[in-house]
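Here the structure comes first, spelled out in structure tokens, and everything after it is commentary.
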Amino acid sequence: MTALLQVQNLRKRFGGFVALDGINLDVQAGERLGLIGPNGSGKSTLVNCICGTLQNEQGTVHFDGQLMNGLAAHQRTHRGLSRSFQLPRPFPSMTLAENLRIPMLYTVHHRSGTPLHADNIDARCHELLQLVDLEKKARHLPGDLTQVEMRKLELARAMAAEPKLLIADEAMAGLSHAEIEDILALLMRLNQSGITVIMIEHIMTAVMSFSQRLAVLVSGRKIADGKPEDVVRDPEVVRAYLGE
Amino acid sequence: MRMPLFTLISIVVAIAVFMVTRLPNIEYLFVAGYTIVQYIVLATAWNILGGYCGYVNFGSAAFFALGAYSTVTLATFGLQVDELVPESLAPYFHLIFPLPIPVLIVIGGIVSGIVGFGTGYLTLRLRGAFFAIATLALSVVLATLVVNWDFVGGSGGAYVVRPGKFPGLGSYMQYLFLLMLGLAVLSVVLARWIERSRLGYGFAAIRDDEMAAEASGVPTLRLKLIATTLSGALMGMAGAPFPYYIGYLAPASAFGLEYAVNSIAMPLIGGTTSWIGPVIGTILLGTLQQVTTVTISSAVNVLLVGVLLIAFVIIAPNGIVGLVQDRLRARRKG
Amino acid sequence: MDFPFELLINAIIAGVLIGGFYAAVTAGISISFGMLDIVNIGHPAFVILGSYIAYYFNINYGVDPILTCLILSPIFYFLGTTIYQVYYLSFEKRGQQSLRGLAFFFGVLFVTEVLLLLAFGVDYRYVKTDYIGPSLQFGFIDLPLRMLVPCIGSLILFAGLQLFISNTFIGRAVLAVSQDQLALQLMAVDPIRIKRIAFGISIAVAAMAGAFLIIIQPVEPSVGREYIGRVFAICVLGGMGSMPGTLIAAILLGVIESITSTFYGPSWAPAVSFGVLLLTLAFRPSGILGR
């Protein structure tokens, strides 16, 4: 069975700096993959290349059997690839409900062929906001939200595109224990409904409890890829990232 | 309010304005009114790309002038048909030329729309700042081309003879005013339709955060091109009747910087998030300018626009519409 | 007909001389736009302002224009820091710099031009110094001093800036801000202060370039507009923020303009710089020495 996401020999440089040096990564449909690594190791660059925000120079990205190289980010989103941004990027002039409308109007609508009815969209927006516990603030602007609420909105918007694969980029950074549990529960629920999830995180407890498989990125190279319990005991991983 | 009703009301308002302007029987009212209504079209057109999408266009003059110079080219061609066209075909051309102004308006719109599309295609992949600079460059390049092309009069300019009267309406100026009112209705209706449509949401997403919009599935390049083309086309349509209005078209007046400044200042002062902002901004600023130019001087007038632009941009970033909205929101909370 | 070599060589030399001057005019934008992302479309207005202030002191007190702008550079620096502070508080802080920041600087360009118009009128103004008029002659090569002196002055100014950026703490901090503002903050350097200083410098440099300008040619308020295209064309062509690139691009543009003007007539001159800008933006936005 071919993997849902296949990254082969991905290379990306910025001028003279090699950000990604031949990354190979497969993600199976329905899987929960954790991606860890020190700051500057290339995790966000990898996400950007997979999702099309950046174009890689060498290597290929296949999603759902199709070649993604050359496709713009919005085209990849249409095909089911979605991501949340590490620093939340809400649409500041729109209400929360309207923020979720955008992916529905432009991704889901595009996919289904028949235009979505306005009431249908409104209903779906409120459903999603309920899922992330933001329904009461549906008519507020993002400026009124707390940090964790912004993170949830960010995830909700990624979910509004009804993806097959969701990449959550450091969605839990800086949050309290209870808030981390919240987000974790949300991602678990998503996965249970059939969505493949790649979690990029520094918070090891969350990563360990969430991931079925763990990959480690250091200085643009993947140095480990396997069962979480094995990976965290890998001496190279310990040396490069986890410490003594 | 639904769109068909809005359209109807707009048309009624336009006709009312026309009728009221006829009452005092002062020709000057039509001359001044034409300028103000023309700026409603320009400001609304600018706002589609600038206010809705967040991409600043400094080259409004270029698109406006393209419309004007399309008219001049066709009018001059029409006069010289016998010299330029083989004898056998001449009678057919004489039937078509001189082209009626509504046709010229459409052609002006098409020409400017194509150039808008082209400029966008070349530069919209870059950041907004580069697009803005490119539009400024476009203005100057086009002006230089026109100045060096003798067919349209070169730097000396071209005369376009305005017919004296229009059957049924009185002076030709009244006809021009009526046409411009029609264009104003068209642009305002279009702007409002966009605001409430799927397209409008896409524009707003691009303005708010282009990267996030792209990641949410918005085809940003395509939408920006649509905005640029529409905006350019409307500006070209506004420019097409201009040679008939002014009688003598020189590059300095067609490509004047005041078009760039006004089409930016009016929406920013009025408010960029809604169709009504450009209208309010134009009526206020336009009337102010007519008064200042006549009473003080045209240089002070230009200074005033610049100062108001800076002041509003700093103090009231959402324009007059924004101030009113804030007042209403404060009153609701308090 | 023989090929007009002498004409061509003089055109090229004139182009190089004026290119050197263009580098000084653009240096300020290389810093504010190329490195710091502040789209100061009003930059040429400050050049013209410098020209007029130099004119005022020259006509009324007989002071050399370059001396005037040199002595007054702290005032221009202060003007620059004030404008940046307004820009920062009104736009950068609120995250609205793209639309409103641009409109702000456009307004500044416009208002400055009109104020100068009201103060000095539309007539061309020029200064009188000992080195306007005479030229050095080498065979058929003609080096007018009114172009040579500003060119040399510009190159000195330019070299000084380059040294400042690579050798002083503030200079290197400016470079750092352009590359990674967050990292700089983590090193306890206030990026806002750095940007303010850099912007102040860019305006002071612009005014200095204004002194050179009025030596080269008579000036009237709308001359600034021609320079918008030139300055941004050079900045983009040279690779944003690269000082060596700016110099090369400036000389290149100067030569192209000069040759076009000599062989096709001066009415095509504005189209050259703006045309180069459009072409560069369309086909090679990273410039010749792109980052």
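Letters A, B and C mark the chains as written, and numbering starts fresh at 1 in each.
Just so we're on the same page, contacts are C-beta pairs under 8 Å (C-beta built on N, C-alpha and C of every residue); 3 or more make two chains touch, one makes a residue touch a chain.
Given the structure is predicted, the values throughout are model-derived calculations rather than measurements.
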| task | For this assembly, give the contact graph shape among line, ring, star, complete and other. | result | line
| note | Strictly by count of touching C-beta pairs, the top pair is B-C
| query | Computing the C-alpha centre of each chain, which chain sits at the greatest distance from chain B? | reply | A
| task | Mind checking the centre-to-centre distance between chain A and chain C? Centres are C-alpha means, answer in whole Å. | result | 45
| field | Centre-to-centre distance between chain C and chain B (centres being mean Cα positions), rounded to whole Å | value | 32
| Hey, what residues on chain A touch two or more of the other chains? | 92
| On chain C, where are the residues touching two or more other chains? | none
| query | Counting only residues that touch at least 2 other chains, which ones in chain B make the list? | reply | none
| note | Per the touch rule, the chain C residues reaching chain B in their complex are 33, 37, 39, 41, 86, 90, 94, 96, 98-100, 102-104, 106-108, 110-111, 114-115, 117-118, 225, 228-229, 232-233, 236, 267-268, 270-271, 274-275, 277-278, 281-282, 285
| remark: So, in the complex, the side of chain B touching chain A is made of residues 198, 201-202, 204-205, 207-209, 211-221, 273
| task | Going by the contact rule at the top, pick out the chain A residues touching chain B in the complex. | result | 51, 53, 72-75, 77-78, 82-83, 85, 89-94, 98, 101-103, 105-107, 109-110, 157, 160-161
| request: Over in the complex, which chain B residues touch chain C? Could you list them? | output: 50, 54, 56, 58, 122-123, 126, 128-130, 132-134, 136-138, 140-141, 143-145, 147-148, 155, 257, 260-261, 264-265, 268, 272, 299-300, 302-303, 305-307, 309-310, 313-314, 317
